[in-house]
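All chains are identified by letter, namely A, B, C and D, in their written order; residue positions are counted from 1 within each chain.
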C-alpha cells in the first residue's frame, strides 16, 4: 500500500471518509461536525467553516451531504441516545462527544443503554456505534476540558475503549471501531492532532485489543498509551544513553486489553512501570499493575511503579499544568529507581 | 453511651435526624424522600406514605417539615446541582440519588461541578454536601438498578467516597459525612438495610479515611468493603476451621483510603485478597492491589488476588445473579489457593 | 377515520391481554413466584392499545419501566414475556433482563427501560435510521409524567423536531411519579403545553378513552409517516396497582381510587363499543375466554421453562471480545 | 421605574469595562500572552450590565464559558480577573481556573463554567438557600441559546418553578452555538416560549437595548425577591468576536456582521442616554478615560504577578483529606 506523511487529525478524518464511502449505513453527527455553515443562510458562501471544533471532520459534510453528516443541538444525551437507537436498528453511527469531560451530561446513554442493551436483551440486539471524543491535558483548557477519564469507560462492561498514539494506529483502529459490532469509545488526544506519521492511503484495520510494542528492550517494561507513548519513548532514548534498555508497550486499546502482551513483556523484563495521563485512583494504571501482580507476580524483581497525573483536577495555569502532566524526567528517574 | 439494636436503615435515618436537629443548615432532598403524601391533597390522611423508595427517610418530613425535607421532580441533574450550589452558599444539603445506577443522568453536576468547584476557584469556596445512594446486587433488580460503581467516584479528585458495612459504621460515618466540608458520596448497600447491630443512641462520628479491622488474623489479608465484609467474615470463619487465620480489613471509606491500614496488615500477613462487588476493570480491587504491589512488594509471599463481580452487567435471573455476586466459597478457595 | 369493527376487536383483545397479564403477575408476585421490581400497567391499557394499533411490526417503540403493556400492544410473545418475568432461559431476554428490560427488537419493541426518561433519546435513533435510509417507519416514544421532568425528554423532543424525525411522543400521565403527584413535580399546566417549546403539535386526551387516543394517535402517526415531524400527546389516566409491587399506595385517597375505578378504560370501551355496535357481547366473551387461556398457558410455559445455565452470566456482553 | 441618571452612569461604566477588557484580552491572545480557550463577551454588554445593576453583592449569579462580562457586571475585581486569564498566582482563582472558571463567591459570582447548561442546576442552589433561610436574595442564571437545548436547563427551570425559588433565567441568545445557528439547533420559535412549559412569565427583548433589558430584568428580579418565583428573559443579540479566540467566524455572512456592528449596544445606549439626558458627553469621556486606565493597570498587574508555585497543583482539591 502506498503511504505518505499525514497528521493524526487527517488520519482520523480519512478513516471516517473511507468507511463512509465503503458503507452507506455509516453516518456521523455531533456538535458542529458539519460546521453549521452548510446551512441555507450561507448558500454560496464558504461551505465548511468548522468541521468540528478542531477541524477533524472537515470536508465530510460536503462529500457526504447533510443527510449523513449532521450537526446537533448541544444535547449530548439526545444524540448519543440517538446513536444507540440507530445502531440497534440498522445504522453504524459515529457520534462525536466533543470533549470527554462532557461525559457527565450523557453518561446514562453510554453506560446504561449503549453498553448494556445487548446483555439486557439476552444477546438479541447489537449496538455497532463509535463515540469519538477528545482527551488530554496540555492545551491550557483547564479543569473541564482536559481530562482523560478513559479508566471510567474501561470499567464499564459492554464498552470497548481505544486510545491511539500515532496517525497510523489512529486510522487503522478507527476503521476497526467503525466496523465493530459493539459500542466503541474512541479517544483522541488533542495534543496529538498535529503529529505527523506515515499512513497508507487505502483502508486498513488494526484489531482492537492488540497492543503494539513501540520499542523493544530487556530491562523494564513501560506500559503506556496515547500521548504518554511519546514521552515514554523519549525517556527510553535517554535511558538507553545510560545503558538501560526499556521496552515500551503501547496498549492502543484498554478494553479489551492485551493481557498477553503485558505479561509477556514483564516476564522478559521482570519489572513494570505504567505511564498514564489519567488520574491515579481506580485507574488504568492500577488495572495494569493489578494484572501483573496477580498473574506475573513470580516474575517480578521489583515493586511495580505508576506514573500518573496526581489526584487533582487539571489546573489552568501553564505553570501548574506542566507539573500536572507526567514528565519525561519522572519516567527516567522512576525507571532508574527500580535498579537501585 | 447507651446502645441498642437497630437496623442499618434506622441507623442511617438516625444520623440524618440527629444532624438535622443539631444544625439548621442541614437539609434533605430527593425523589420521594418526604413521600409525596405530605402534600395538601392528603391533608388529614396518612402523612408519610413513603419516606424514600425503601423507607430510609421515613419520619424526617413530619419532624423537620417540608422546608427542610423536599421531594423533587425526577430531575437528578437539577437537584444535585442545587445541592452543589446550596452547599457553596451556606447550606449543608443531603441529596438522595435513589440508585447509584442513575449517576449517568447527573454525573456532570457531581464530577465537574461539585468535585471541582473548590479547586477551580482556587480554594475560595467549599462544597459541604452529601449524596446518599443505594448500591449493590442481590435484589433481582437487574442491570440498571444493581450496580456498585463506587470505583468511578473514587477515581474522581475532589470527591470523598464512603461505603459502610454495619449499622454502627453507617451512623458514625454518615454523621461525619454531613459535617465534612467536602462533597461526600455515601453508598448504602440495599441488602444491608435490614441488618441489625448495636448502635449508640447519641450522636457520634467515625472519621472518614480510617479502615476498621473487622477480624484480626496472621495468615492472609482480606481487604473488602460494604456487604462483602460480611461474606468475607463468613469465609474467615470457615477458613479458621481449617486453621487459616485471615485478617479482614473493612475499608469503610475508599477516598480517602486508609493506605496505612492496608499496608500494615499486608506486612503482617504477607498476602492479599481483595473482595469487591464492583466490576473488575480499573476498580477499587485493582487500586488496592496496585497500592500493595508498589508499596509493600517486598513483603508479599504470593500473588495478589482479586475476587470481584465479572466484567458483565448485572443479570436479572436469580439463577444468574447468584453467580454474578462474589461468593463465600470463592473467597475460601481463593485464600486456600495462596497456600499451595 | 379508520376505525373499523375488526380493529376494535383487536384493540379490545390487546387491552384484555394486558389487564389479565398484569393481574396475573400481581398474583404471582404476591405468591413470591416473581422477584424484583415489577411495575404494572393495569389501568393504562387504552394508551398502549390505542397507539400501537396504528403501527406495523417495522415501526418502533421505546418504553419505560412500566413496559408490559407496550410489549403486548407491540406484539411481543406472551409466553416469552412471562418467562422473562420469572427469569427463565426461555424468556424474551433469556432471563437476563427481567420485567424492567423486556424487549423484542424484531417486533420493533426496543425494551422496557429502568432509567426514567431514557427512551426519549433512544427513540431518536430509529427515527434517524428511517430518515437516513428513506423508509416510512415511525417510532413512538412512551414516557411517564415523571419522565417529563428529565432533561433527556427535553433534549429528545428538541432534537427530533430539529431533525424533523418521524416520531410521536406519548406521555402517559397517570398522575404520579412513584408517590409524588404530578401537580407537585410538574410546573406546566399541561404536559402537552410543552409542545410549544419545540413548535410541534401538542394535545391532551383522556387516557381512559380508547376512541380519543385512537384518533389522536392516528393523526400524529400519519403526520410522522408523511415526514412532517413529531407530535406530543399527553394521555391523562391512572394506574390501578402501586408504583411497583409491594407499594400499598398510601399516597392516594380512597376517593381518588374509587374515582379511578369508575373510569376503567376497558369497561368504558366495552360500553361505548357495544353502543356503537363496533363489537358484540359474544365477541367480548370470546376474547375474554381466549385471552384467559393464553395467560394461563403463559404461566405454565414460564413455570416449566428451565433456569438459564450459569455460564449465561458471561455471554452477550459483547458480540465479540477477544 | 427606577432608572436614574446615577444608575445609567454605572451601567455605562460596566459596559465600557466589559468592552475594553474583552478587546484587550483579544489583543493579548493574538500576541500569545494569554493561553487556552477564551470566549469573549463583546457585543453582549447590555445584558450583563442591564441585569446585574438590580442585584446586590448578596445576590448570586451563575454564568457560562463566556463569563467575563458577568464577572465585571457582578463586581469582580478587574486586576484579579486579568491575572486569572494569564494564569497568575494573584488571579481570582490563583490561576487554577483561567478564563473559563473565573469566580468570586464573596461577590456572588458562582463561576464561569466550562460545561454548557451547568449553571441552571447550580443556580437552584443559592435559590434554595435563600428560601430555606428566609432571606430575600435573588439568583440570576445566565445561559446561551445553545445551552437552552441542554436537559439541565429544562430540569432547572422546572425545579425552580416547582419549588418557587427566587430565580431569574436570562438567555443570552447571540444567534449561535459555536458555528451552529440558533435557527438550526432550536426548535422553538422563541426561546422565551419555553416559559409556558413551566408556567412562568417569559419574554423576548432586544439584547442590544440596555433600557429594555433594564426594565424587564427589574420586573423579574422584583418578582423573585417578592417570593413569586422564576421568570425567563430571552435577550436577542450577537457576539463580535468568534466563538473563541482563534475562530475566524466563517459561518457568518459579511452582511450579518455589518448588521451587528450597526446595532452596537454601547453606541445605542450612548445615543439614547444623551437624548434622554441621562448622561452627558463629559461623563462619557470621563468614564472612557477612567476605564481605559483601569484596564491598562490590570494588564500591568497581571504581567507583574508571579506564576503560582508548583506545589499549588496539589492544594485546594479538598478542605481536608487525611
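Keep in mind that, in the parts below, contacts are C-beta pairs under 8 Å (C-beta built on N, C-alpha and C of every residue); 3 or more make two chains touch, one makes a residue touch a chain.
Keep in mind the model is a prediction, meaning the values are calculated, not measured.
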Most distant chain from chain B by Cα centroid: D
Centre-of-Cα separation between chain D and chain A, whole angstrom: 35
Chain A and chain B: spacing of chain centres that average the CA atoms, whole Å: 31
Centroid spacing, where centroids are CA-atom means, of chain C and chain D in whole angstrom: 44
Rounded Å distance, chain B centre to chain D centre (Cα mean): 39
Residues of chain B whose C-beta touches two or more other chains: 72-73, 75, 77-78, 101-102, 104-105, 108-109, 112, 119-120, 142-144, 157-158, 310-313, 315
Shared interface positions of chain C, touching two or more other chains: 91, 93, 95-97, 101, 113-115, 149-152, 155, 158-159, 162, 184-186, 317
Chain contact topology (line, ring, star, complete or other): complete
Touch list for chain B against partner chain C, complex: 31-32, 35-37, 39, 41-42, 45-46, 49-50, 53, 71-75, 77-78, 101-102, 104-105, 139-145, 310-313, 315-320, 323-324
Chain A-touching residues of chain C, taken from the complex the two chains share: 60, 62, 91-97, 101, 103-106, 110-111, 113-115, 118, 120-129, 131-133, 151-152, 155-156, 158-159, 162-163, 315-322
Complex contacts: residues of chain C adjacent to chain B: 35-37, 87-88, 91, 93, 95-98, 100-101, 113-117, 146-147, 149-152, 176-181, 183-186, 248-251, 253, 307-308, 310, 312-314, 317
Interfacial residue positions of chain A with respect to chain B in the complex: 77, 101-112, 115-116, 119-120, 142-144, 151-152, 154-158, 255, 257, 279, 281-287, 289-295, 297-298, 300, 302-306, 310-313, 315
Complex interface listing, chain C residues touching chain D: 149-155, 157-159, 161-162, 184-189, 193-194, 196-200
